[in-house]
Every structure is written in C-alpha cells, then in structure tokens.
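Okay, so chain A shows up in both of these, paired with chain B first and chain C after.
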Partner chain A sequence: MTGLFSEVFLSALLFGAVTAAIPLLLAGLGEQMSEKAGVLNIGIEGMMLAGAYLGFVGAFYSGSLWLGFLTGAAGGMAVALVMALLCVRIGLNQIVIGIALTLGLEGLTALLHHFQFSRSYPRLPAPNPTVIPTLADIPVIGPAFFKHHLIVYLAVALVVAMGYLYRRTQLGLNLQAAGDKPAALDVAGIDVIRTRTIAVLSTGALAGLGGAYLANVGAGLFIPFITNGAGFLGIVLAMLARGRPVWVLFGALLFGVCLSLTTAMQVAGINIPTDVIQMLPFLAVMMMLVLFGRRASLPAALGIPYERGAR
Partner chain B sequence: MSIDTAPTASATALDASSGVAARRDILRRVLMTIGPILAALVIAGCILLAVGVDPLAYYGYVLEKGLFSPLGIQQTLTRMAPLLFLAAGLIVAFRAGMWNLGGDGQFLLGAVTAAASAPFFVGIMPAWLALFCAFVVATLVAMIWSLVPALLRAYQGVNEIITTLMMTFLGTSLANVLVKLVFRDPGTTVPQTRTLPVEDRLPRLFDTTITSGLLFGLAAIVIVHLVMTRTAFGLKLRIVGANPRAAVHAGLGVPGLTIGVFAISAGLAGLAGAVDIIGVQGNVRADWNPAYGLAVIPAVFLARMNGFAAIGFVFLLSVLSIGGESAARRLGVPNHFTLVLVSIVLIVLALAEYVDHRYNQSRKA
Partner chain C sequence: MSNLSSSPVDDIVALEGVTKRFPGIVANDSIDLSIRPGEVHVLLGENGAGKSTLIGMLSGLQQPDEGRILVDGKPMPITSPRQALALGIGTVFQHMMLVPTLTVAENLLLGGPWWQRPRTEELEARVAEITRSLGIVVKLHARVSELSLGEQQQVEIVRAMVRNSRLLILDESTSMLTPQGIEELGALMRRLVEQGLAIVFITHKLKEAAAFGDRISVLKLGRKVGEIPPERFRALGEQEIISEIVELMFGKRKDDPEAAERPVASVDTEAAPLLQVIDLAVAATDNAPGLSSISFDIRPGEILGIAGIDGNGQKQLAEALSGQRVASGSVRLEGATIETLSVGERSRRGLRYLTDDRLGEGTVGTFPVSINFFLKQVGAAPFWRNGVEQRAEIDRRAGELVREYDVRTPSLKTPVARLSGGNIQKVLLARELAEGAKVVIFNKPTYGLDLANTLASRQRIRDAAQRGLAVLLISTDLEELLSMCNRIAVMANGSLVGTVANADDARTRVGRLMIGLAA
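This part shows the complex of A and B:
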C-alpha cells in the first residue's frame, strides 16, 4: 500500500487522467457547438468511431501521427456531413439519425477492422511527447501535465479559442442564435441552415480528432467499439457545461481521473470491481444536480442576452 | 376560388369511396415500409459485395433462420418479448414528451433484480406466485431508479436526456457490481447470478420454444397504445408532451404526471429485463448488456409512437438480429454487419417517410 501513493504513481495517475480526458474534452467541445446551434448530436459516438478507425488507418499506413489526426478529423466530418444533410438540410429526426449513425459506424468500423487488422492487431509506436522546458521538471505535476503529445496542449488551447469564439465573434453569436431563436437569425439575414451545418461539421471534425487521439495516442491501436460510450459522455459533458467550454474541460478532467483510477487499481491489483470506480463521476455529477439543481438552472435563463445580441 | 372548391370536392369523393381510400392508404403505407427496406437491403448488399461476401447468400440465411425455419422463427418471436416491453415504455415517455434515454440501465437493473429474486421466491412459494413477485420487484426497482431523473425534471427543470443518460451509465455499472459482489452464485467460477431452473421459468407456448413473455409483451404494447390514444389519462400525457406550459394552464398536475410517466416507462423497461431473464436467459452474467434500447428508440420514432406499427418494427428488428447472427456465423462474417444493416434500414425508412410527406404536401398544395 505504501507504493500506492508514491510520487511516481501519482504522476502516472494524473498523466493517465489527462490522456483519458482529451477525447472526452474534444467530444464535449464538439457536442457543445452543435447544441448551441440547436442540433442534438447523438451520432457523436459514431463520429468518434469513424475518427478512431480512419485516424488509426491514416497513422498506420503513413507513419505520421499528424496525418492520422487529419484523416481522423476528416472521418468524423464525413459522418457529420451525412448528419448535416439529413438532419439540418432536410430536417429528419435527430435522435433517429443520430442513433442510426452510431449503430452503423459501430458495425462498419468493427467489420473493416475484422478484415484488415484482426489477424495481426498492429500497434503504433509510442508517440513522441513534447516536453515543456522548466515546467516539466516540477515533481509530480511536471511529468503528469507537461510531457504530453503536442495535440494535448492544442486541445486545451482550443478551450480558450472556443470561449473567444462564443463570446467575441459574429460566428459565435450566430451559432447561439441558431439554437435560441433561429427565426430571429433568419430575419437578420443570416442563413440558419448554413450556420447549423458549420456547427455540425465542426462537431464531426472535433469528435473525429478525439477518436483519433483515443486510438493513436491513448491505445496505440484500433479495436472495435474502442470509444465505449465516450461520445455519450461528451453529450453529458456538453449539457452539464451549459455552453461554457471551460466547464467541459473541468468535467472531462473529472471523468479522466476516474477512468485513470480504474486502470491504476487494476495495475495495483486492488480487488474491487472496476465498475465501482466507473460509477464515481456519475454519482458526483448526479449529487451535484440533486443538490444544486435549482441553482444550476439559472444560467439557462441568463442565456437570453446572447439572443438579444444576435438580433 | 379553385383553392376553396378543391377540398370540398375531394371531401365528397372521400365520403363516397372512404373504404377504398382507407384501403389504399394502408396499402400505400405497407409499400412505403417494404420499399425502403428492400432499398436498404440493396445498399447493405453493396457493402457485403465490397468485403467479398455474397449478399444473396447472406440474405438467404437471414430469411431462412430469422423467418422461415421453424426453430428460427421461434427464436425471433422469443427475442421480441423484451423488445416489445421496451418499446411500450418508450411510447409512453415519448408521447408525453420525455426523452427517457435510460432504458438500458433500467432494463439491466430489472434483469438483475429478477435474476436475484426469482430463485429466492421459488424456494418459498408456488412457482407462479414466485415469478409474479419477481416481476413486481423488478418493476419496482426500475421505477425507483427513474425517480431521480423524474424528480429533477418535475421540480427543478433539469433536462432528462442528460440525467437518464447518466443514470444508464450508472445503472450498467451498478448491475455489474451487484452481479459480481452481491448476488454472485458461489457455485460457479464465472461471475453470474444463480441460474433459475428451466422448469421454473416462464412457460413456453404450446409445444414450441417461444416464451410466453411474447404474449405479455404484445399485451403490454397494445394496452399502452390504447391507454395513450383512447383514455383521459393518455390525453393528459399527450397534452403534457405537446405543450407542458399549456398543460399547466389546463389545470393538469404536470409534476405528478411527469413522475408517473417516468415510473411507467422505467417500470416497463424493468419488466423487459425481467422477461428476458425469467423467460429466456435464466441468469445474468457479469458485463452482460445487450443494449436493446439503442435499437428500439429509433424504431419507436419510425413507428410514430404507434403501438401497432411498433410491433411491426420490433418484429423486423428481431428477424434481422436472429437471422443476422446465423448468417454471420455461416459465412464467416463478424456479427457486426447486423448493426450496419439495422442502421441503413433506419436511415432509409426515415428518408422514405420524408419523401412521402413531401409528396403528400405537394399534392395537397
């Protein structure tokens, strides 16, 4: 038990938490954008799977992790394109299409994996971390937070960029209006369909990137159903965050710590079913909702000024 | 002027031949269902061709096993039982405008409760009463599980999509914890609950292997359909679904109805789990999660929350899943292709409905 809380263990735990949090963060940020624009994107799990598969294929055959991220984002975007055509342009039911896309990509990626990789289960080489000088030398925190692949820092920077996008740019306001009062946006002379399409396609790219990170950096290989509900967690995070990118980050880290704790306990050989720990983040969030439900519903009403700004 | 006269003219024509029109309407609906399914099969067939599998052989096996072989059709009908209960629960929730996406968690908790309580009850009372008690306990547990999202939605206005999704993650883990730690059968090495002896399970229908749960499932969905469309209670729920604010002004106790809807919906999902365990599986293995809910949700939407149409879609899902399992095994394809097939069928059906709707609109205009 003494080894359990050693410095090495703690920094490995936190390192794992960040690695587990990044796909959730990207999915959550993506979903947030769709929801802001008024599209409930249940197909995000499918977009992540497409990104994970194509991201792995891209990285495996080209040998470049970055090309893998690119193909992954493109894969997520391709699925999002279907979603945008069916749900935004011709207005089919978002839940039906979203679930159908998720089911279809679960099947399709598992099928392709079976014919391509199931005999060899190839792995990617471990990614080269970008070590941030000085900061990485801090004990515990340094190796946990400042020795990641470059894309991790970019993902965190994206949180700031998204916050800027929503608060300070015309596009951000348009997105908000497309979700709050599309008719008003239309009257203002801005194409609601186009705004929502942009949002859904961005969601696809972010979810695909998240999936590619999960496969290429997190696991180093693609296995069927690798996302294992990460997309649905993204939906939960986006809804809990109430339109604020920074809350998606906090939420993703909370879930990341719990996911990392599950692996750490398996390694340490502690005899509790991992399911117990998997329940922790959900329990925490449900408790928060039960205790602060009323208070948490306040920001929803505070969303109105955005609508006025769009007018 | 022509706009004014056209509807009356067509109305009289409709009166004269309403029987013919009704029949034509049903025929059109059947065509609008079968046509898209055939189209979906063609698209999915192209994917099969692309991975080097003969689509005709695949579909042949699907039909043979899922529909035409005596044993296969019995398995298909048995598979329908839990799906019908799930669909019934979703119809209540969706018609009342509550997006209960937590069906899988409620299903699993109902299943684990039934699996744990049935062997216990069988030991102390006659078999029929024991099964009845197991069903009641499973329903109650699922109902209680839905209480948190229901209360949050009813009194705090917290979005139920997010709470039910989270409760389904929680429920899946909790079901596993219960199987592994609390109700684990000490007699086996694999973590699973005590197995209910075959003679104590729900009786089979006549001389077949079809579970009698099918009849309960059919009864449940028909009753739900009639309650929702023919009774005052159903009307109240539909008003809440159509416009909660108007419902408040109409003097309806919306919070109470919300909790009621969640309880009924979750209770039926719990029953689905119990029927699957007590009728078919006999025990719950750790990490068992068939995730039926994910396939039933879009089917219920496509059925436009109509109970009878939902029976048809559930039958289609069952044929595809039972037949697909067999075809995949025989042709050496992973079973995952069934997911692709179901997905394409759902998307093409949704598209067909849209095209049909547009066609009707343009004809009226």
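This part shows the complex of A and C:
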C-alpha cells in the first residue's frame, strides 16, 4: 500500500500524466480550431503521425529537439494542406478524406520507419527539462508539474492564447462565423474558403507538433502507429469542449492521468492483465461521452463544404 | 425599358441587357434596370420570376452570362460580395445572414481585417448615430438567436448602413414579418430614401409594392415585362396601380385576382356519403391539441372546408383520417369502416392526404421528380417488379404527369427539392389525385405559393370535386374556403364548433364562429 501511493509514485504518475496529456492537448486545440471553422478533421491522426515521424527525423539528424518540433509541425501542415485542398477548396467529403489520410499516413510512416530505423531503433537523448525555480521544490506537485520541457509550458500557454484568439480577435469571429453560418461570413466580404484553410493548416501544425512531442519527448523514438489514437482522442476532446480551449486542457489532463495510470499500474506490478489496464483510457473516453456527450454543441455547418450560392 | 428620358449618369447602379442562365432555365433574360438615389425601386414578380438571381448578381454572388452592370455610369463587374460592399451595395437577403451564436455587435464587426482587434467602441458610436437618425433601437450585446426576425432584419439594415452602403437591397424582406413589422419596415425605407439612399425592394405582394414603392419593375419568367416610373406612380391611386400591375403580371385585367368568385356546384344531397366520420377523438399531447367528438360526412362531388386559426387541431384531424395518428371513433369510406386500417391500405382504398409539409413528409427532396410521383407505390407493379425498379415505366408515367400537371422542372431526374414550392405542390397533387382517389384531404394546399400556382392548385381541387371525389379542404385562408367549398366547418380547440352552408351570409357566420360566437 505505501509502496503504491508513495510520494515518488504519485509524482511520477502525475509527471507521466502531463507528458501523455500534451499531445492530446495540442491535437484537441487543433481539432477545435478546424471544427470551429466548420471542418471536421478526421485526418488529424494522420497529421499527428506525419508530425511524429518528421519530428523525429528532424531531431535525430539535426540533434536539435526544437528543429524536430519545427519539422514535425511542418509535416502535420503538409498533410493538412492536402486536406484543405480536397475538402475545403474542392469540397469533397471530409470524413472520407480524413479516414483516407489517416490510413495513408499510417502506412507511409510505417514503411519509412521500416527502411530507416527498423534495424537500429535509434533513440533520442532524454530532453533537458526546464525546472521552474521554487515551484519545483514543492513536494509531489513540484516534480510532477514543474520539471518539464519548455514546450510543455508553451503548450499550456497556448490554451490562454487560443481563448484570447476566439473571444477577442477578428480572426476568432471569422472562424466562428465560418462554422456556424458560412454564408453570412461570405456576404460580409470574408472569403470562407480562405478562413477555413487557415484553420485546417493551423490544425495540421498543432497536430504535427503534438506528434513530434509524442515521439521526441514522450517516447524518445519513432515506431509505427506511435500515436495510437491520440488524434482521435483529440477529436473527442474538441467535441466535448464546446469551443472552449480550457476544457480541452482539462479533458487532456484527465485522459493523461488514465494513460499514465496504465503505465504506472504495469510498473507497480498489480495483478491485472495488461490488456485490461490498457483499456482504461478508452473506457474513460466512453464514460466521458456518456456523461457529457449530450452537452457537446457543434457548429451548425460542421462537415458541410461551403459553396457560394448553393441552396 | 422606359427610361429613355433619363440620363444614365443619375443611376447609382444600372443593368443593361443582363442575362443569366442555369441548367435548363433562363433565370434572367436581357434585363434593363436603373437604380437611383432617393427612390424605392420595387422588383415585383412571382416565385421563379428571377428576382433572387438578379439580387445574386448585384451582390456579387453570381456573375451575368451576358450584358453588363454599370456602377456610377461605368461598367463594373461585381465579382465577389466583398467587392459589392466596397461599391456601396448592401444586401439584406431573404434568409437571415447573421451568425446566430454571435452577438449583434460581433455580427456587425464581421468582415473587418483579420489582424485587427474588433473596434467595438467605434462601432457603438457609429450604430448609435445611425439608429438615432432612423428612429430604431438595436440591442448590440444581445445574441442574434435571441432576437425576433424583425429585429434581425433591422440589424442587417444597420449593418448595410455601417458599411456606408449607397444602395440597399431588400430581398423578400416582408415575408417573415408580422403586419406590424411590415408597416415599420415601410416607414424605415421611407426614412432611408429621404437620406438619399437607393433601395431595391423585392416582393411578390402587390399591396406592398403599391404602398412602399416609388418605381416598380415587374418581372415575369425571367423577363422584365414593364415598369411604372415615379411620375406615373404619383399620378395613380393605389387601386389603379394594383390593377395596372396585375395587368402587367398576368396579361389580363382583374381587380383582385384572388377574388374570382366561382359559382359553387350543387351537390346531390341524396347521394350516400363517401366519407363518414363519427366521434373521432385524439388525445392531446404536450405540443399538439387533441381532437374531441368530431363528426361529419362528405358526399361525392362535395368540398367541405375546415376553417379556423392555425394550430387548433387541423393537422391532427388530417393525420387521424389518413391513419398517421392514433384515434378513436369511426371512419367510413363508402360505408366500410377503415379506422383500423394502415396508412397504406387507406391510401389504396382511395383515401388520400395531401400534406402541408411538402418537403418534410410530402417528398424526399434528394430523390428525382420521377420517383417522387410514386413514393406511395414503392414496390408495387407496374413501377416495380420483383423488387426491381422499372425505370422506363416510371419515366414514361412521370413524363405524362409532368405534362398533365404542368410541373416546371429542368428534367425528370432533377431532385424535387430544387423545384419551387408551386412545382413541388404540383408533384404532390399529381400523386394524390392519381387513379383510385375517392376522398382527398388537402391541408393548406396553397400555403406559401405564388398567385399563379395558388389559382392553379385551387382549380385542380375544384376539378377533382367535379369528377365526383369527396374533398376535405383544410385552410386558414377564409377567402379560399369561401371561393371553393360547399360547406364550411369551423374548428376551434380540437372540435368542430359549427358547420355553415356556403351561402351569401357564410362569411359573417364563419367569422362569428371563428371568434367564438354562435353562428
């Protein structure tokens, strides 16, 4: 008993929860932006994978973690560009294209990994944490929350920035109008296609960054299917968050705890089959959907390609 | 067409020979129009006359195929809504173009440069100035979804003013307003033109055109068929203007086209009733009134009207008879009880119901016109054999019906939702009046239709009665009932409060029943 709930165990559990939550947070924030603008971005899992792969490649060959984040974001954005072209500009079905992108990227990154890394399984060195003075000295909470890589704090700061963007800026208004009533935005003189494209590309960048974090900081390596549904969890988070970035953060932390718990319980050697433990985060998803699914409110024009003058 | 005397430089916007085609339809055919400051220019025409297309081209949503648009006397293609706004053309569309989840202020701010912070204080000052000069109140911080349609419309007008519009286009703006709201809009338009604005006011209602316009252009089937300039407008009285417009629109002079009183055919009172309803009752639900002890019968060739304020159980009555709603009591068709039969079986025996919800339950909008004719016979020969659709047979019969009922459709394959309301109604009429119909229930058959289609639908119903069918005509339009029915029953709170023979004093007697007095 004491072994399981010792200070060290608790702070490791919470540390792991934050590490697991960051990719979900970034994916959720990204998905939220697309959905706000009326694009259901199912391809986000593929964008994360592209980000994870390219992020790892960038960091591995350059030796710079930051360059890795950059290439990862660029990778996610490249996939998003395809999505924007097909679904926003041409107006193809967002669900079909999204699934196709995800499946395609799963195959492509697995294949590239097979050629490049399947013999050596290279690892990145452990990242240097940015220790926040004094706060990091608080027992349990200190090591759990204030000894992370700088990007973690930036991701949390992004929650505030997004909140500001949606509530206080012209672009935020445009995004919401593009999702709720695109025709109104169009006749107000703003290009709906461009607004949605901006949203989808931003989603790609955020998802790619999330994937790069997952590979470079979370795991320190790239393996096929490394995202393991993180993008899809991001979609769930975005749908439950009602357009509020702060809810994405809370949701991501909740899932993060579940994911971390699975690792911790396996390490602690609790006598439950690992399959059951690994099921935990997804049970949490279902619980959340049952509890909060009804309060999800989605933009009226979500998933509907915009065509000027169509009735 | 008739403004040779004026120099085109006076026009804010002028159209010269503008033509726009859509697949299968010429929506606008070589239209000339001149729009001037200080004038309410009414564009009058029925559904499908091409008014909305014209607006689409002025507001930058569509481009003309031929002809040109002049702004301040110079040719100027309007390629996007943004450009239309920049040229000073503001449009209030028929369907509200406000984002319901945003506040009024946020909606007014939409369209600013994206890198800027919304300039709320500046906007507030500007809106205060505009609303003061117009004598209206706009709740800047209310969410749009909380506003009434009239208030939303005022917001849209204010938005056009905030954008410094010189030309304000109002597309069917009165269609969703209360009579009070229509009066207010008329007064508001007057104040706006007094400030030097040009207004294009689109409507299909003659009275509004005569009451609010300075200049009227009449559109018919995509062509401009006439114009009444302001000088002439001022010289004529309202009644004269209306009769002149009717002549332009219909090519024949009538004082009020709807008042065409038909001699009501007499019915053989000795004949056995085709439909007998005895003690029909439906339990009330949360959102619908019930029915209690409804009894009537209809003889062959007879039209029985159901009058009453909307929502007093008319729809429940129609659905109870058609079998779509559980009811107690007895319903007899040609003497045989049918109250236990299914919807489909009642329809096969000749009891047909023409719903007022044309797109919701009447048709499948995405299905082609041809299939919609036979929705109630899916699976039945000769249109289906062994579960397989007989395309040739369907198209052949559908083609006949399209001709017979004058359905204006680009093709048989066109999804029915793309047709205008009047043409969808023709499809429904064709379907429900098809072989074997004995009793037909019409629920608000002319609701939302333009004049020509209204008159055509009424004629179809009269023809059906003439052929010996029994007709139950539910309508909230007393004029309609008086011009068609043999008898009129009045419905209130789910029961029939009285039945009146359609004689000379029927209007007052039905009116008294409707307001709760004894006939």
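The definition used in the following text is that the second predicted complex is superposed on the first by the 273 of 311 C-alpha atoms of A that agree within 3 Å, B and C clash if a C-alpha of one lies under 4 Å from a C-alpha of the other, contacts with A are read in each partner's own complex, and residues count from 1 in each chain.
Throughout what follows, a contact is a pair of C-beta atoms (placed from the backbone, for glycine too) under 8 Å apart; a residue touches a chain by one contact, two chains touch by 3 or more.
Quantities reported herein were computed from a predicted structural model and do not represent experimental measurements.
**Student:** Applying the document's definition of touch, where does A:V285 land relative to chain B and chain C: first, second, both, or neither?
**Tutor:** In the superposed model, A:V285 contacts chain B only, not chain C.
**Student:** Looking at A:P224 after the superposition, I want to know if it touches chain B, chain C, both of them or none. Which is it: first, second, both, neither?
**Tutor:** A:P224: touches chain B, not chain C.
**Student:** For A:R119, select first, second, both or neither according to whether it touches chain B, chain C, the two together, or no partner.
**Tutor:** After superposing on A, A:R119 lies clear of both chain B and chain C.
**Student:** Which partner does A:K181 contact after superposing on A: first (chain B), second (chain C), both, neither?
**Tutor:** second
**Student:** Tell me which of chain B and chain C touches more residues of chain A.
**Tutor:** Tallying touched residues of chain A, the top partner is B.
**Student:** Applying the touch criterion given at the start, work out whether A:L86 contacts chain B, chain C, both or neither, answering first, second, both or neither.
**Tutor:** Only chain B; A:L86 stays clear of chain C.
**Student:** For chain A, which residues are in contact with chain C within the complex?
**Tutor:** 168-171, 173-174, 176-177, 180-181, 183-191, 299-300, 308-309
**Student:** Under the touch definition given earlier, write down the residues of chain A that touch chain B in their complex.
**Tutor:** The contact residues of chain A facing chain B are 40, 86, 90-93, 95-97, 99-108, 110-112, 114-115, 224, 229, 232-233, 235-236, 239-240, 273, 275-276, 278-279, 282-283, 285-286, 289-290, 293-294, 296-297.
**Student:** Which bits of chain B are touching chain A when the two form their complex?
**Tutor:** Going by the criterion above, the answer is residues 47, 51, 99, 148, 152, 155-159, 161-163, 165-167, 169-170, 173-174, 176-177, 180-181, 294-295, 297-298, 301-302, 333-334, 336-344, 346-347, 350-351, 354.
**Student:** Quick one: in the complex, what on chain C touches chain A?
**Tutor:** For this pair, the touching residues of chain C are 56, 59, 61-62, 80-82, 85-86, 91, 93, 96-102, 106-107, 109-118.
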